[in-house]
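Below, each structure is written out as structure tokens.
What follows is a pair of complexes built around chain A, which joins chain B in one and chain C in the other.
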Partner chain A sequence: MARSTGKDAHALFHALRSAYPATPTNLKIIDLYVGFSVFTALTQVAYMAIVGFPFNSFLSGVLSCIGTAILALLRIQVNKENKEFKDLAAERAFVDFVLCNLVLHLVIMNFLG
Partner chain B sequence: MVVGNAESMKSDLLSSLSIRWIKLKTKQQEVLIRVSILCLVYILAFISRLFSVLRYESMIHEFDPYFNYRTTLFLTQKGFYEFWNWFDSESWYPLGRIIGGTLYPGLMVTAALLYWSLRFLRFAVHIREVCVLTAPFFASNTTLVAYFFGKEIWDSGAGLVAAALIAICPGYISRSVAGSYDNEGVAIFALLLTFYLFVRAVNTGSLAWALASAFGYFYMVSAWGGYVFIINLIPLYVLVLLLTGRYSMRLYVAYNSMYVLGMLLAMQIRFVGFQHVQSGEHMAAMGVFFLMQVFYLLDWVKHLLSDTKLFQAFLRVTVTCAVGVGVIALGVGTASGYISPWTGRFYSLLDPTYAKDHIPIIASVSEHQPTAWSSFMFDFHILLFLFPAGLYFCFKRLSDATIFIVMYGLTSMYFAGVMVRLILVATPAVCLISAIAVSATIKNLTYLLRTKRKVSQTGSTEGINGAKASSKALLDRSQPFQKNSAIALLFGAFYLLSKYATHCNWVTSEAYSSPSIVLAARGAHGDRVIFDDYREAYFWLRQNTPQDAKVMSWWDYGYQITAMGNRTVIVDNNTWNNTHIATVGRAMSSYEDEAYEIMRSLDVDYVLVVFGGVTGYSSDDINKFLWMVRIGGGVFPVIKEPHYLVNGEYRVDKGASPKMLNCLMYKLSYYRFGELMTEYGKPPGYDRARGVEIGNKDVKLEYLEEAFTTSNWIVRIYKVKPPNNRW
Partner chain C sequence: MGRGNLGGGFALLILVVSSIYQAAAIFHPISDSHRSAALDLFTPVHHGSFSSSLEEAYEALRTFEILGIIENKPDVGAATCHTVSETFRSTSSTSKDLYHASKVNSILKCDVDSKVFEGVVSRLQAAVSDAGSLLDFYYSIGSLVLIKDRTSKEDLHLVDAEGVFHSIKALSQSDGRWRYSSNNPESSTSAAGFALEALAGVVSLASSEIDQSMIGTTKSDILKLFDSIEKYDDGAFYFDEKVVDASDHQGPLSTTSSVVRGVMAFAAVASGSLNLPGDKILGLAKFFLGIGIPGDAKDFFNQVNSLACLESNRVSVPLILSLPATVLSLTKKTPLEVRVNTVLGSNAPPLSVNLVRASNSGSKGASIIENQELKFDPENAVYILDVLPKGVDVGKYVFVFEVVLHDSELKKVYVTGGQTQVPIFVTGVIKIDNAEVAVLDSDLGNIEIQKKLDLAGENAVSLSANHLEKLRLSFQLTTPLGHAFKPHQAILKLIHETKVEHIFMVGSSGKQFEIVLDFLGLIEKFFYFSGKYDMQLIVGDAVMENSFLQALGNVELDLPEPPEKAPRPPLPVDPYSRYGPKAEISHIFRSPEKRPAKELSLAFLGLTFLPFIGFLVGLLRLGANLKNFPTSAVPATFAILFQLGIAAVLLLYALFWLKLDLFTTLRTLGFLGAFLMFVGHRTLSHLAATSAKLKSA
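Our next item is the complex of A and B:
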């Protein structure tokens, strides 16, 4: 059982690694951005665990990262392979993204205290 | 289909009636009809709530709205910064209350904004007028939102019917008449708006709509504590969609952005604070959030991989990991106390017997009792049986939107059954679902009628294909019966709806338009007698007591005393401190000397009691007395409820227990009452509210003296005497 799952995991890994470079470049940039913001969020969690200080600042920090990561929903809307979004203009998706980011950061600024 | 029928109708109209000026195109006619219906419904919703303003005067009703009015007054006079940081020392003496941090500011800010914008337009209105009319204004806005919501779920016909139904539905009117300046008036608008925007976001998958729904949620959180319903219903809805295999990118976009933005916005309200990440009531939303990420990951991996067997393995691993992590996190959080458990107010919704045993204050509020069938019929009328019919139609045409409205309807009906007050939350759902039933039925019936007419005029029909021909043949055969039955059914539907309108109007006029602070009754000759005792007493307090006088009364009247009497109170309707209320309850139920000790320790100058023995008013303090005993006894075991009962029975006549006949509440209510003739043919001291002659007619007060009794003896105020001079 363990060996077969181990083999499966290897095969999985290889399949993923081979399939990923097939995605277009602009989507890969968005993925990089998402990865970066998740990394920042984890760093903040670690910092909070060490220092442990104002909760609202911590929350706003973490949620800003999560928020920007989630807002890579842009990625979904821009990805041409998604059938449901093919009639959504890329400019409209970007404007939505900017608007949401604006609101998100305004709220976080208010919350940082 | 509809356009074709309308075209033929239009040519009929033009040819038969030859009214030249209806030369509009069909689309414009339809728009004109819709807009005019919506305008009429808007106006109707507003004016049907104005009964009490016409009958009495433009004043604030009940108890809670007085607090809202006082805070709005403060906001308009002092500005937003002062309001947000307000510490009120005039209530809950000597503790005070942090008002800025313990209220939901949405209602006050809305009224203040309306007031400032009207002032800007140079309308010199008083803030009280704005407050009184805020609720009807927002009820009208709710009808508009109901129209758009109905259009989103079903079609514009259903939207129009929904708007019309919700404009006059008594379940909603009960909390949004003119003068009922309470959170629910604005909150139902915010609730329906949030739900509409969210369903629209799920349908279109656009970030803009999800952002709008996050703002709607923010408005709801700022307006009412019932926002917990939204933050639990929407994750439940998403979960149901996931389980029924309706996961889609649109759902992912809509829920994620709404959750993150909504949560952040909601945490800006100080009263809510960090509850979204710390309280057990909000954990469902977070759990579903993580579940969505797992779904997205699985979807993405499936898309990348071309090998299904590999994917199955991955699926197994991921699902077990995710579930395991989730359960462990939840367990750790709950066990360590980091995630606080469900608070009493909401826990008693899941377990209705909880409040009676553990939290008497919640159990004592009359609005928190379970709902009787008569209340359902009273508040919903025909909607009650149109609701299952609408459910049937929703199930026939399942889509993301109809699943939502079905879930909203079912969950809100369950909660409406648990607590009377929550009929209000169920009303929009019931109206929408019933509107679907009405609209679909009437559409089918008129289609039958129209097809008849179309068949009979062979000259003006167009586009009859094979299917139509066969159906035409069928219709020809049963022609006379179907047409007649369709007409009969349409008349029946019209009759039902008109009966609904009559009932709603009657209910609004009779039951829900009383201001509670002014009582009315019919005199002996049928003329109307008004009892304005409450306001008489509060203004007496305002004009005849020193500025820093402290008034002790039961918590029901606290808000009114601070708002109208402008004096400091000991406890008020906020009921945030149970021990303080229990202290007052203990004082009211003790003998006079013990009560005097307690009153001296609280610096009480005046005591206010409400007494209905002369007028037969049954919501007075003697009828509420057992709750005072229970709440007091919950904290101070020296107060025992059986001491006040005789064989388990609550009596005030000669057979009452001695403790009852000598406690402070009894003495204050019945002081000098023994000499009063209240009813012809009955002995003096006959209590008309209880229907008995009181037991202890000779009441002597040692530490208090009577300061004021209103003209109908409803409110009685006593002054606490300072201690005797010592030698």
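Our next item is the complex of A and C:
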């Protein structure tokens, strides 16, 4: 059972690797952005593991990274191949992204202290 | 017969109770202690002059002049006169400076050139006609009056006296107070004093008589002002400002002295009499005298100057009844002495002092004396009652005196205050006799041992008792007149060898004082300590001249053994440690949190930027470009504005973190957000339109 799961994961991974260059450029940019923010979050976690102080700033920093990463996942609205979102313009997704990011940053700035 | 007596007694009771409304108090006129205090308080700052301020120099000189000690300070004259002539000569002196200079000049009588005076007079006349506020009038008119007196220029007159009178009067309020200027709506009681003094100056400087109706209205203003007078319980009357402005609050002393100066100055120049009630004038005198000796130079000046105004004024001169000693001793047979003086201590006109009533503070209503006249001793100027009446025993009394002027015409000039109540203490030697201490058998009360005590001399009785017996101490206290006496303190103290003390109060019935200590009930209180107890008797009172603390001897007590859980006496507290400094408390502050090493933090800062760089690199590799950026003018502007808008919001957030608070941030964010929405909508709709065109095309 584990072996088959392992093989399925492998196959999945392979499929992803081969299909990825086919995605349009702007989607790639967004993916890159998500990767960047996740990395920053990981860096902060590592710092916190070493130092442990101040906690509220850490929370605020990590939340900002994760939050913006999640919002960037609004990219599903941009992908033309998704059936549900065909009628919506890509720009609308972008506006959603910008506004939600602004609110998120206000909150984390307050919490940063 | 009985009913008549009852009615008379009742009436007397009512009279006494109603007269107790005015509390008994003593006021003393100015005396030598005032003079020596003045010499200490007003010392020249440096040799030759009293500080650089002419106002303070004037206050010092006037105080010495009133107290009659100005001859003691001859060396201040030269330097102060120099300052005075400088002030007169200088063209930049304000009318306030000229006022203080003329005040000093009137006391020191400096040698000033008459031409200088002429220049000053013309400047002051101009100041009067230009005056805008009350104080401008006050200073310039005051200076003119003083200069006129000094130079005795009979032809120095105010240019338009009636007009000036009107202008000052215009600032008065309906309740008798005055405003400082027409711009200032607040009225003040001190301002009323200044205004009345200025009006008095106008009247004396007028070439022709001022209209009597105006003087009449000013007199009624004074009466209205006196309606707002306030009172202390001891009979002192004073003025205080209605509005309490913490920064500028003058205090009742300066307010009252300002009013007294003004009223007396006006009364001196106004024809006809000012119908002020005499008891209020007496009350004002009592207020100033009740202060005692002030510690502040300005307060001292205000007190002494106001008393000088009251000393010889045209309304009514207060006469103060004072007693040099209020404690009379029956053993020494001290005579009762009463003085009647003016406020500054001068002699009063011929009068007689009657002791109307003397009543014991304890038993209300019973009066011992009826109308005894005091003998006058012209050498010392005192009224003496040589022999106290027979009914006066030790205790606290209230004596009621009445001052009667011989010449009834003088009743209009002087005010004596009717009946004055004075508290008097009468002390004497209390007789103690029949003192004895006994040990009694508990059950039947039989006396086992009995010893007589001589409480006037030494005693060293030695008794012994066990816990089944009682100790009894008894004695009798009698006043010189043979009445029962209850002292403030009648205490029996038992002190053990270990210095543990026990205190008992001695009860009384009539003249007999007795205490019985039942040792059976006191075993626990004595902590089961057997052994020798020293006995001490303390009897004391304020009116008892022979209060004593006597050692009576000792008693050997035999108490049973203490059980396991016997109470221990409290440990003797070292008096020095009890009232001395306590141990120092070292505060434990929350230790500041451990901060990481600076280098580590900086390293991680660098690490945080790494993903960002990675992002930029990735962008370049993917070939991200700004191709879709609109090139034509209007959409381009919107696009730029959009980018700028977002940059502005991010900047706002940075500022918010650094120093702004949430509310200003939210406010600004609201504006920016609205702007951003508008611009963004335009840009993005444009972009959407172009891409749609592309798609369809």
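We adopt the following convention: the second predicted complex is superposed on the first by the 99 of 113 C-alpha atoms of A that agree within 3 Å, B and C clash if a C-alpha of one lies under 4 Å from a C-alpha of the other, contacts with A are read in each partner's own complex, and residues count from 1 in each chain.
Definition applied: a contact is a pair of C-beta atoms (placed from the backbone, for glycine too) under 8 Å apart; a residue touches a chain by one contact, two chains touch by 3 or more.
Nothing here was measured: the structure is a model prediction, and the numbers come from that model.
A.B. asks: Is this a clash or a fit when chain B and chain C both end up on chain A?
C.D. replies: Aligned through their shared chain, the two binders fit side by side on chain A.
A.B. asks: Counting touched residues of chain A, say whether chain B or chain C comes out ahead.
C.D. replies: Comparing chain B with chain C, the partner touching more chain A residues is B.
A.B. asks: In the overlaid three-chain picture, which partner chain does A:Phe97 touch, first (chain B) or second (chain C), both, or neither?
C.D. replies: It touches chain B, and chain C stays clear.
A.B. asks: Considering only the touch criterion stated at the top, classify A:Leu73 as touching first (chain B), second (chain C), both, or neither.
C.D. replies: first
A.B. asks: Just checking: does A:His105 make contact with chain B only, chain C only, both, or neither of them? Give me first, second, both or neither.
C.D. replies: Second partner only, chain C.
A.B. asks: How wide is the angle at chain A between chain B and chain C, using CA centres, rounded to the nearest 10°?
C.D. replies: 50
A.B. asks: Quick one: is A:Phe55 in contact with chain B, with chain C, with both, or with neither? Answer first, second, both or neither.
C.D. replies: First partner only, chain B.
A.B. asks: Measuring by CA atoms in the overlay, how small does the chain B-chain C distance get, in Å?
C.D. replies: 8
A.B. asks: In the superposed arrangement, what residues of chain A touch both chain B and chain C?
C.D. replies: 92, 110.
A.B. asks: Which residues of chain C touch chain A once you look at their complex with the stated criterion?
C.D. replies: 593-596, 600-601, 604, 607-608, 610-612, 614-615, 618-619, 622-624, 646, 649-650, 653, 656-657, 662, 665, 669, 673, 680-681, 684-685, 687-688, 691-692
A.B. asks: Which bits of chain A are touching chain C when the two form their complex?
C.D. replies: Checking each residue of chain A against chain C gives 25, 28-29, 32-33, 35-37, 39-40, 43-44, 46-47, 50-51, 53-54, 89-92, 94-95, 98, 102, 105-106, 109-110, 112.
A.B. asks: List the residues on chain B that touch chain A in their complex, please.
C.D. replies: 205-208, 210-211, 214, 248-250, 252-253, 256-257, 260-261, 263-265, 267-268, 274, 277, 301, 303-307, 310, 313-314, 317
A.B. asks: Per the contact definition, I'd like the list of chain A residues that touch chain B in the complex.
C.D. replies: 5, 8-9, 11-12, 15-16, 19-20, 55-56, 59-60, 63, 66-67, 70-71, 73-74, 76-77, 81-82, 84-85, 88, 92-93, 96-97, 99-100, 103-104, 107-108, 110-111
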